[in-house]
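Each of the two complexes below includes chain A, the first together with chain B, the second together with chain C.
== the complex of A and B ==
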C-alpha cells in the first residue's frame, strides 16, 4: 500500500489570490463610460444650476450677469415673493394659494385611487369571478384611450353631478384616470405573492377584508409606495385637468405657476419665476428622495409578472 | 333518505361521493369516491399532475367541485367555507404570514373565530409544547429554519382543534435528514392526537411508513386503495406495480397456456393466488419484484429458473442492484449487502410463484 503522506503533502496555502483586494486600474473602456456619464449628468444638472442660482439673485444682477455665475449677493426675496406676493389675475398672494389647492386635490385623489385600485387588484387575483378577466381587459383598455377624447364628455358628466369647478370633481377625475395603471400594478404584485398564503388565510377563517388588511397589505408596503409616488407626482404635475375642471380660486399650483410665469404685465422677473418653478417641483422631488429604496423594490416587484 | 346517509357515515370521518372537478374542458377529477375512517391516516400518492392537490383543495373547500358531494364528520360540507369544515391544512411552502410572529401565526385562526383570549393562550402553549416551539414564539418566520417553519405550519392546524388534518406535501421542501425526523414526529403526533389525516405526497417512503391506507392516483382516478403492504404485495394493476417499489417491479411479457406462463421464461402457475381466474389462456404480463429474485445456489430450488448476463452493477452499500435483460426487457435484481458479481458475468437466477403478480396484458388489471 502506498503511504499517502509520503507521496503528497498539501501546500500550507494554495497559490492564487492573496493580500488586499487589488485596486482596479482605469481602463480605456471605463474612462469612456465615466466620461459619458459625466456629460449626461452635466446635461441634467446645468438647467437646475441656472435655476437655483438665478432664483437667489436680485433683478439688477439677473439683468447684467452671466446666467451660470453664482450670485454675488444672495437674496431670498424672489422665493418669498413667489410664495406669498406674486400676482395672478386679481389675487396677489403668490403660489401659496395654489399650493394648498394642490394639496387639497392631491391628498384625497391619491388616497382614494390607491384604496380602490388595491382592492380591485386583490379581487382580480384572489377572488376571480366569472368574467373577471374580461373586466380587467376593459379596464386596461382605458389606459390606451387618449385623454383629449374624454375631456368634453367628462365636462358634461361633472356638470350633471354638480361637481364642475369643484375640487371634488377633479379628485373624481384623477381617481378614475389612475385606475387602469394602478390596478395593473396591484394585480401583478398580488399575483406574485404565494397563492398558498391566501389559501392558508382562508382555512384560518379570514374573509375578504380580513385577508386583505391583515395578511396582504402588511406585506405589500413596497407596491403601495410605488403607487403613491406615481400618483403624487402625476396628480401634482397635472395641468390640463386642473385648468379645465376647476375655477380660478381652486386652481392647482401648476396652473398658478403658469399664470405667474406667463403674466404679460410689467417686467419679466426671472428670479421670481425660477423660484416659483422650484417651489412647485419640490413636492414630487422630496417624495422621490424620501422613499428611495422602497420605490426601487416596489418597481422591481410589481413590474415584471403578467 | 337522510337516515340512510347518516347510518352510512357512521365511523367515517371524510366521505367523498362522485366528486368531479374540471378546469374548463379539462377533467381533473372524475367520479371520485372515497371513504376515510375516523382517526385514519390516509396517504394520497401519485405522480405529478395526477390531481392530488386538487382533491385535497376540494376537501378543504378551496376549490368548488363541478359535481358530487363531500361529507366531513357526517355534515354535507360541499358548499361550506373552508373555516367551517373542521379542517386544518399544511402547505408545501409553509405559507406562514411573514409579518406576524410565530405566536401571531398560531393564533390568527383562533382570533378570526373569536376564541376568548385565555383560551387562545392555553391552546397556543399546548401546541408549542407538542411541537417544541416554545423558544421561538416571538420570532418572525424569516428567522426560522425550514423544519421549524413547517412545525409552525403544523401548529397552526393543531391549535384550531380540527377533526381532519390535510397535508399537501409538507416535507418536500426539506432536506433528507430533516424529512426523516419530521416524518417520525408526524407519526407520533398522529398517534397521540388520533385525528383523521389526509396526506398528499409523491414520496413512496413517506407513504409506506405513515399510511394506514394508501390511495394511488393517476389522471384523477384512484387506482388502488389499500394498506401499504397490500399495495406492495398485491398491486391492483400494472401502473401501481410499476409505481410502488424502488426500483419498480420487473415485467415479463408472455402468455398463459394451461397451467403455465410461457414467455422468455416458463413458469408453472400452481399455487398462484388468483384474483380473477384461474386463467388457462391469454396474453399476460408476469411481474416479479427485484428483491424477490434469487441468484446462484438459492435459485436452484425455485420453480422458475433461467440464466442472465449482468450488464450493470450498482453497489449502494446496504444493497446492490444488478441490471440485466430477459426477453429484451430490462430486468433488475436487488441483492442484500455487497457482492463480488461483476459486469459481463453470466448468472443462474430464479423466482417463485408466491411472490409474483400476473396482469392481463389488455386491461392491465391483476388477475
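== the complex of A and C ==
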C-alpha cells in the first residue's frame, strides 16, 4: 500500500506537470485509510456526542428517545440542576461544591508540586551531591509502586501531622506522588540547557537560588507550562486520594460526581447525570484542547523516559 | 553531568563544604519522599502484612496467616483472575490497536492533527467520567440495546454490564477508549523516528508494506513498545477508579479488582491485615513486571 504512494510521488516531483494522475491512482488506498480512521474516530467521538446530547434533553425525551439522537427540544435545565441542585446524601447543593473543592485542592497542589520538583531537578543536574542519583533512582522506582501499598501508612503520617481530612494533607499527597514524573521532566529539561550558562552565572557570583531564579526559571517557561498541564489534569482527575484523605464536605469533584451518579436512592435523572459528568470533564478537556501539542509533549516526556 | 566533572577540578573540597548544603536542603523533599514514603511506607505495609491488624495496625506477628486467608478468599481469587484476564487482553488490544492507528496516521494523512486530537482526548478525562459515560451507553434500557430493540429487533440483547460473563468486555471497551490514544501517540512518535531509507530499501526489494512493518519496523520500535507496555501494565495493576464508576465490582463479584479489594478491606471492612497482604501482593506483581524490564533496559544501555 505504502510503496505505491511513495513511487508515485517521487516521479511526480521530477516531471512536474503530471500532478493529477497519480493522485487518482492513490485514491483507492487513501479511501480505505481515511475510512478506517474515521471509523476509529467515531468510536472515540460517539460517547462524547451521547453525553452532550443527553445532557441537553428533558427527562421525558430521554425516556422515549434514542441516546444518539440530538434533542428535539434543547434545555439547559439539567446543567443548572447538576451544578446547583443535585444531591449527594443529604446535601443538595449540586456539583458546585465539588468544583470549588477541586479548585481549592488543585491550585495549591499544582503550585507546590511544581516548585518542589523544579528545585529537585535543578539540584540533580547542577548541584549533584553524594547519593543524589540514588535518591532520584528510588524516586523513579517509586512511580511504579502501586499507591495501595502506601496509602495506609500515609493516613498515619497525616494523622500525626494533624492534616488528615484537611485539604493541605491532600495537597501534600499530590505533591509527593507528582514528584517522580515532574522531577524527571525538569531534570531532563535543565540537563539540556547549555552548561555555560550555569558556569557563567557561577563566575559572576550567583548562588544556588540566584542561578535558579534569575537564569534557569526565566528560560524554562515551556517546561513549566508542560508541568502545569500535566498536574492540573492529573490532580483534577484524581479519585483515590480524594476519597481517602478528605472528609465528605471537602470531597473533590470526581468523588462527588461518582456519588451523585451512582447513588442508589431516588429516581435516576440521566440527563442531569450526563450534565454533571460533562461539567467534571470540562476542565481537563478544555486544557487538553487549548494546550494541544504541549499536552502531548507532557505525557510523552513522562512516558518515554518513565 | 559534566558539571560534576568540572567540579572535580582543584577546588573540589571547599566547594562541597560551602555550596552543597544549600543543594541538599533544597533536595530534602525529594530525599524525604524517597526514603520516608516510597521506601518507608512500602516496608511498613509489607511488615504489617504479617501481623494480626484488624481495625488498627497491630504488631502481633502471625506469620503468613493473612496471606493464607487472602488466597482462600473467593473475592480475592476472583479479583486476581479478573485482572489477569483484563490485563492480558487490554495490553494486547491497546498495543495492536494503538499500532494500527499510529501506522494509519503515519501514511501522510490530511487532518492528522484532528485525528490525533480525537483519539487522545479521552486520555485527558478521569476514569470516573469514562466509567459513567460507558455506563450510560451500555445502559440496557436507553443505550445500544434499547435503540436496537426500538428498531423492531425485540430479542436483541446487549447488556454486558449486567452479565458476569461479559462485564470485563464492557470494562475493556471503556478502558481502551480512554487509553489507546496514548499508545498510538507514543508509537506514532517512534514511527516518525524510523529511517526513511528502510522504506526505500524495502520498496527496491519489492517487499510489501505490511511485511516491512512486521519484520523491520516493529523490531525497530521495540523500545517504544516496551515503554508503552510498562505504562499500560502498571496502570492496569492500579485499576480502581474505572471499576468503581462503571460496575462497582458487580454484578456480584464478577468485576472485582485487587486495588478495590485493598481499599474495601482497609476502609470499609476494618480489616487492615487483609488490605496490607493484598497490597503487598500487588507490589510483588509490579516488581515481577518491572525487574525484567529494568534489567533489559539498563543492561542494554550498558552494552551500548
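Definition applied: the second predicted complex is superposed on the first by the 266 of 306 C-alpha atoms of A that agree within 3 Å, B and C clash if a C-alpha of one lies under 4 Å from a C-alpha of the other, contacts with A are read in each partner's own complex, and residues count from 1 in each chain.
Operating definition for what follows: contacts are C-beta pairs under 8 Å (C-beta built on N, C-alpha and C of every residue); 3 or more make two chains touch, one makes a residue touch a chain.
Note that the structure is predicted; figures quoted are calculated from it, not measured.
Contact with chain C, but none with chain B, is seen for A:54 once the two complexes are overlaid on the shared chain.
Once the two complexes are overlaid on the shared chain, A:250 sits clear of chain B and of chain C alike. In the superposed model, A:215 lies in contact with chain B only, and not with chain C.
When the two complexes are overlaid on their common chain A, residue A:194 makes contact with chain B while staying clear of chain C. In the superposition on chain A, A:205 makes contact with chain B only, while chain C stays out of contact range. Of the two partners chain B and chain C, it is C that touches the larger number of chain A residues. On chain A, the patch touched by chain B and the patch touched by chain C overlap at residues 199. Listed in rising order, the residues of chain A touching chain C in the complex are 1-3, 5-7, 33-34, 36-37, 40-41, 43-48, 50-51, 54, 62-63, 66-68, 116, 119-120, 122-129, 132, 135-136, 138-139, 141-142, 144-154, 156-157, 175-176, 179, 183, 191, 195, 198-199, 207-209, 233, 236-240, 244, 254, 257-258, 261-262, 270, 273-274, 277, 280-281, 284-285, 287-289, 292, 295-296, 299-300, 303-304, 306. For chain A in complex with chain B, the residues that touch the partner chain are 194, 196-197, 199-206, 210, 214-215, 218-219. Across the complex, chain A is touched by residues 1-4, 6-7, 16, 19-20, 22-24, 26-27, 29-31, 33-42, 44-46, 57, 101, 104-105, 107-109, 115-129, 132-137, 139, 142-143, 146-147, 150, 177, 181-182, 185-186, 189, 199-200, 202-203, 208-210, 212, 224, 227-228, 230-231, 234, 237-238, 240-241, 244-245, 248, 258-259, 262-263, 266-267, 272, 275-276, 278-280, 282-283, 286, 290 of chain C. Residue ranges on chain B touching chain A, taken from their complex, read 57, 60-62, 81-83, 87-89, 91-93, 95-99, 108-109, 112-113, 153, 156, 160.
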